[in-house]
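Note that the chains take the letters A, B, C, D and E in the order they are written out, and that residue 1 is the start of every chain.
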Amino acid sequence: MQPLYLALALFLLLNLGAGMWRVLRGPTAADRMLAAQLFGTTAVAILLLLAQATANAALRDIALVFALLATMTAVAFVRRAWPNREANHESK
Amino acid sequence: MGAVFTEFPWGVILILLPVTGGILCFLWPQIAKITGLFIVFVVALLVVGLAWQIFNNGVYRHAVGGWGAPLGVDLYADGLSLLMLAITALVGMGVSVYSAAYFKHEQAAQFWPLWLLLLAALNALFLSADIFNVYVTFELMGLAAVALVALAGSREALGAAMRYLLAALLGSLAYLLGVALLYHGFGTVDIALLVERAEPSPVIWAALGLMGAGLLLKTALFPLHFWLPPAHASAPTPVSALLSALVVKASFYILLRLWLEIFDPLVGGAGVEQLLGLLGAAAILWGSVQALRQTRLKLLIAYSTVAQVGYLFLAFPLVAAAGVSAWSAVTYLVLSHALAKAAMFMAAGNLLCFGGHDRITDLDRVVQRLPLTAAAFALAGVSIMGLPPSGGFIGKWLLLEAALMQGRWDLVAVMILGGLLAAGYIFKVLGYAFTQADISHESKAVPASMEWTALLLACGAILLGFLAVPVLSLVGIGDPFGIGEVRP
Amino acid sequence: MSTAFLYALVGTGLFALGLYALIVHAHLLRKILALNIMGSGVFMVLVALAKRTGDAPPDAVPHAMVITGIVVAVSATALALTLMLKLNAKSGHAELPDDRRE
Amino acid sequence: MNPNDYLSAALLITGAVFFLAGTLGLLRFPDVYTRLHALTKADNVGLGLMVVGLAVQAESWSVVGKLLLIWWLVLIAGASVAHLIASGALQRGIRMWKP
Amino acid sequence: MTLLTWIFDSLLGLSLLWLAWRALACPNLFKAIVLFVAFGLLMALAWVRLAAPDVALAEAAIGAGLTGALLMAALAKLHPTEAHNDFAVPPEKNVTKVWSWQWLPAITILLVTTGLGYVVLSLPPYATGLSTEVAANLEISGASNPVTAVLLNFRGYDTLLEIVVLLLALLGVWSLNSADLDHKAAPGIVLDTLARLLTPIFILVAAYLLWVGAHAPGGAFQAGAVLGAAGVLLLLAGWRPRTGLMALPLRLVLVIGPAIFVIVAMLTLLIAGQMLEYPPTQAGALILILETAATVSIGVTLAALFLGGDPRKNNRNKNHT
């Protein structure tokens, strides 16, 4: 099973890399934030896979902290950093 | 009774007490001033206790946690650390008395905890025998110093504090990377063990480059001095005094320690000393010329610090042939500059407080109106210029002697030129202090304690000129310079 | 190349990228990011080289040092951000005076 | 490999496919609302399948509990963030895509 | 399998470098922050690959969670009203001065880095550092997790100073700014529920990390950071503590970590003769006390840093900032 876990972790890492394109491209701040949100979930999945692959239970605690803090940046974004007018940048 | 004195852990209390004081001042701001003054005076007494102990028992070593190096962190004090602690306590007392009158209301409540934590950081740094622990004390010192500069609140001060913070953090990171390489190369961060284990290797060179660059940036050696003049000039006056007198010396002290103990035996003679000497010479000339060109008194004094830092580095290329007098000179320059520069900044602060500005050309007959302050400035100037019988004279004379002994006429010329330029900028100020300004300004009363502390510190710088024998025998305890014995 | 050296090289690369950005960029927020990335690079060198223990568990001392360093870094970042905001409120710019192009 | 392993492998691979779908949706969909839709598939179903796939292999019930807790937290976070971003985008007048 | 991990490591390393480069080079500050948060996420994965789960936990909580929120809030205050161009810095303002000689730092840094890389590779491929010493004394240190043993016992003095650094940062922030206590936009039902639902879980997880730290990855910093994150979430949801609590009670909680540390240092100095020398039988209990106090202080300090100013000065300077 171990090769499968590692292969899937690698696959998810590649996925994450592909998602980077959305951060770079935007066009709105919300789009970039969405991509970051997906990275968080992907990282949780990678950690769980690595925990199983290396039989290291501590990695699940790290995944737990990640899952717990998954909202932080996004909430900070929505409540603080999101500019009020963005419509005029949406149309391309 | 004697045993109590010689066994008491003075060094540890020197660190823990100011931390406690900082916490108390933060909790109860209304008694911050009293607490702060009390703690600083007790710290001075503790330094006396530590001196007594070192005199009797030789070097002081404390294995924190009882582990000892390499697993634990050691505290270590020899003659050199003791002198740094003593000058910190001395200048610290002066600055505290001065600040008690200088800061009012809310600013006072903010100043005292920051200053006590800065004091704790300085004491911890001078007592540290562990290069990673030094990194932590650097961060403690840096954040405290930056917050103190920003207390002035003006736009210039905030910009200067920001620049200072960036420079301090960059310096710390370069230093820390050096620590990482040394640890992974030799398996310890204890200085004494590194001395035993280190051997010439690429790691040593990389660590020297990184730590050296980081420390030179923190010490503001030309051309890495860009952050110093704005920060030292725009900070509140007591803070300027602390920064120029002590904080800059702290990183120099670590540089000196690391060079003497670890790097010099391994890579000495490979041109590093010459490079440092060259930069020092450039700092003297550049700093002095810039000081001469300034129109604001505090900026002038800040550029003078850039120049005086240069003198410290002139010793490096002279050590090979004249170790004794070169290192004695460095010790003396550090001590006398700390006292003189603190006094000078305080005098400038008094003038600023008196006339509401520090434009040199508009100083209005301050000699008649603030005679004590003018005297303090003049006496501090004597030491900065290196005229006898001041402490600055002893330091510069020893350095000159070392340069003559080795026939380094270039360095002799730089020193003489630097002295002349220093005389130029100090007499420029004194000249305007005697004359009447074109426009007279309204003036405010300066508290007597602020005038007297400036004068007393300046007198200390002069007095140092008479104490060469005891001071130089004290610094020899524990042989920090590795030359057996230090003679004046 | 072993994992330890691979990541140690990545660490030096991060240090270099951060240093370059710190020098070249004027905006203070960018400089603060640059210092954080430099710090991450240093921490990575520390931790990566601690893994040169073969199959045995890695050396724990650098791990502890890095945790200390992370707390120091977040403290410094918070102070730097506040200073930047205050400077921006006073001067209208989030760049240092002589880095600014007028 | 025993039957458990086959089951868990199937679940994990299907989960990974949902992650891929989420990423592709994030990249290919035309506006923030549709991308939100794609993203939450990875959060909910992708991670969910992975968690179940790993739970099959878990050595103890406490591990299963922790896995489920993690999934639950990610679900809550995903749902709240999706709501906050969608309503924020509407408020700010970000236009919906019309085919 | 080794091939797979090798590919994974290389990909992760390259992604880290690429993210750092993009975060530092892209003209849009918001984008830079999002990339930096992603960078923190991948850093945590790298720590895992380097068998440093304690560091990964700290990075996950501080690097990926709190620093991101701090940066976002700072960016928002930097441009309070303007939404123009999505926080893009005008290109001419992005780069210092007229760096027509921009290649100079680039080439210097490239040379230095090449040298550093060479030095790193010159290190022996096998070295144990201090791990034998740590293992030999782990038994009497009071913690079976070596990282906790180093942080709280072997090098506890560093930790003492480092908690003071955190307090000092807060002192600096407070002397610069007053707290923005009035900013209370209605959070909306979703955010409100989220904060109410998650806060107890944050506290439980913090307590768990604190407890588990003695024998497994975790400890005071990680727990404190999680606690701090709970505070930040509450602040973001619009919650503000009563002003009565913002004076001495808040300050007492802020200093309890450093204060207990100093007290233990003094007591051990008196009793054992060396600062922070714990009697082996009580080392475990002492470490737990120190860690609990530190966790509370770290958590509250981090939340207060996010609030970004002195709450005592709120009323007087309301129209100042």
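Operating definition for what follows: contacts are C-beta pairs under 8 Å (C-beta built on N, C-alpha and C of every residue); 3 or more make two chains touch, one makes a residue touch a chain.
Source: prediction; values computed, not measured.
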Under the touch definition above, the chains in contact with both chain C and chain E are B
Determine the set of chains touching chain C that also touch chain D. E
Suppose chain centres are the mean of their C-alpha atoms. Which chain sits farthest from chain A? B
Going by average Cα coordinates, which chain is farthest removed from chain E? B
By number of C-beta contact pairs, the top two chains: C-E
Chain B and chain E: spacing of chain centres that average the CA atoms, whole Å: 31
Suppose each chain is reduced to the average of its Cα coordinates; what separation in Å results between chain B and chain C? 28
Between chain A and chain E, what is the gap in Å from one C-alpha centre to the other? 19
Scan chain E for residues touching two or more other chains and write them down. 5, 33, 66, 75, 77, 112, 116, 120, 123, 127-130, 134, 154-155, 158, 162, 165, 168-169, 172, 176, 191, 194, 198, 201
Expected list for chain D, residues touching two or more other chains, is 73, 76, 80, 84
Going by the touch rule set out above, which residues of chain B reach two or more other chains? 132, 136, 139, 143, 146-147, 150, 177, 181, 183-184
So which chains actually touch one another? I want all the pairs, not just one. A-D, A-E, B-C, B-E, C-E, D-E
Note which residues of chain B are touching chain C in the complex, please. 132, 136, 139, 142-143, 146-147, 150, 154-155, 158-159, 161-163, 165-166, 169-170, 173, 176-177, 180-181, 183-184
In the complex, the residues of chain D that touch chain E are 73, 76, 80, 83-84, 87
The chain A residues in contact with chain D across the complex are 1, 4-5, 8, 11-12, 15-16, 18-19, 21-22, 28, 30-31, 33-35, 37-38, 40-42, 44-45, 48-49, 52, 57, 60, 63-64, 67-68, 70-71, 74-75, 78, 82-87, 90-91
Counting only contacts in the complex, chain A reaches chain E at residues 2-3, 6-7, 9-10, 13-14, 16-17, 20, 23-24, 26-29, 32-33, 35-36, 39-40, 43, 46-47, 50, 56-59, 61-62, 64-66, 68-69, 71-73, 75-81, 83-86, 89
Contact set on chain E toward chain D in their complex: 188, 190-191, 194, 197-198, 201
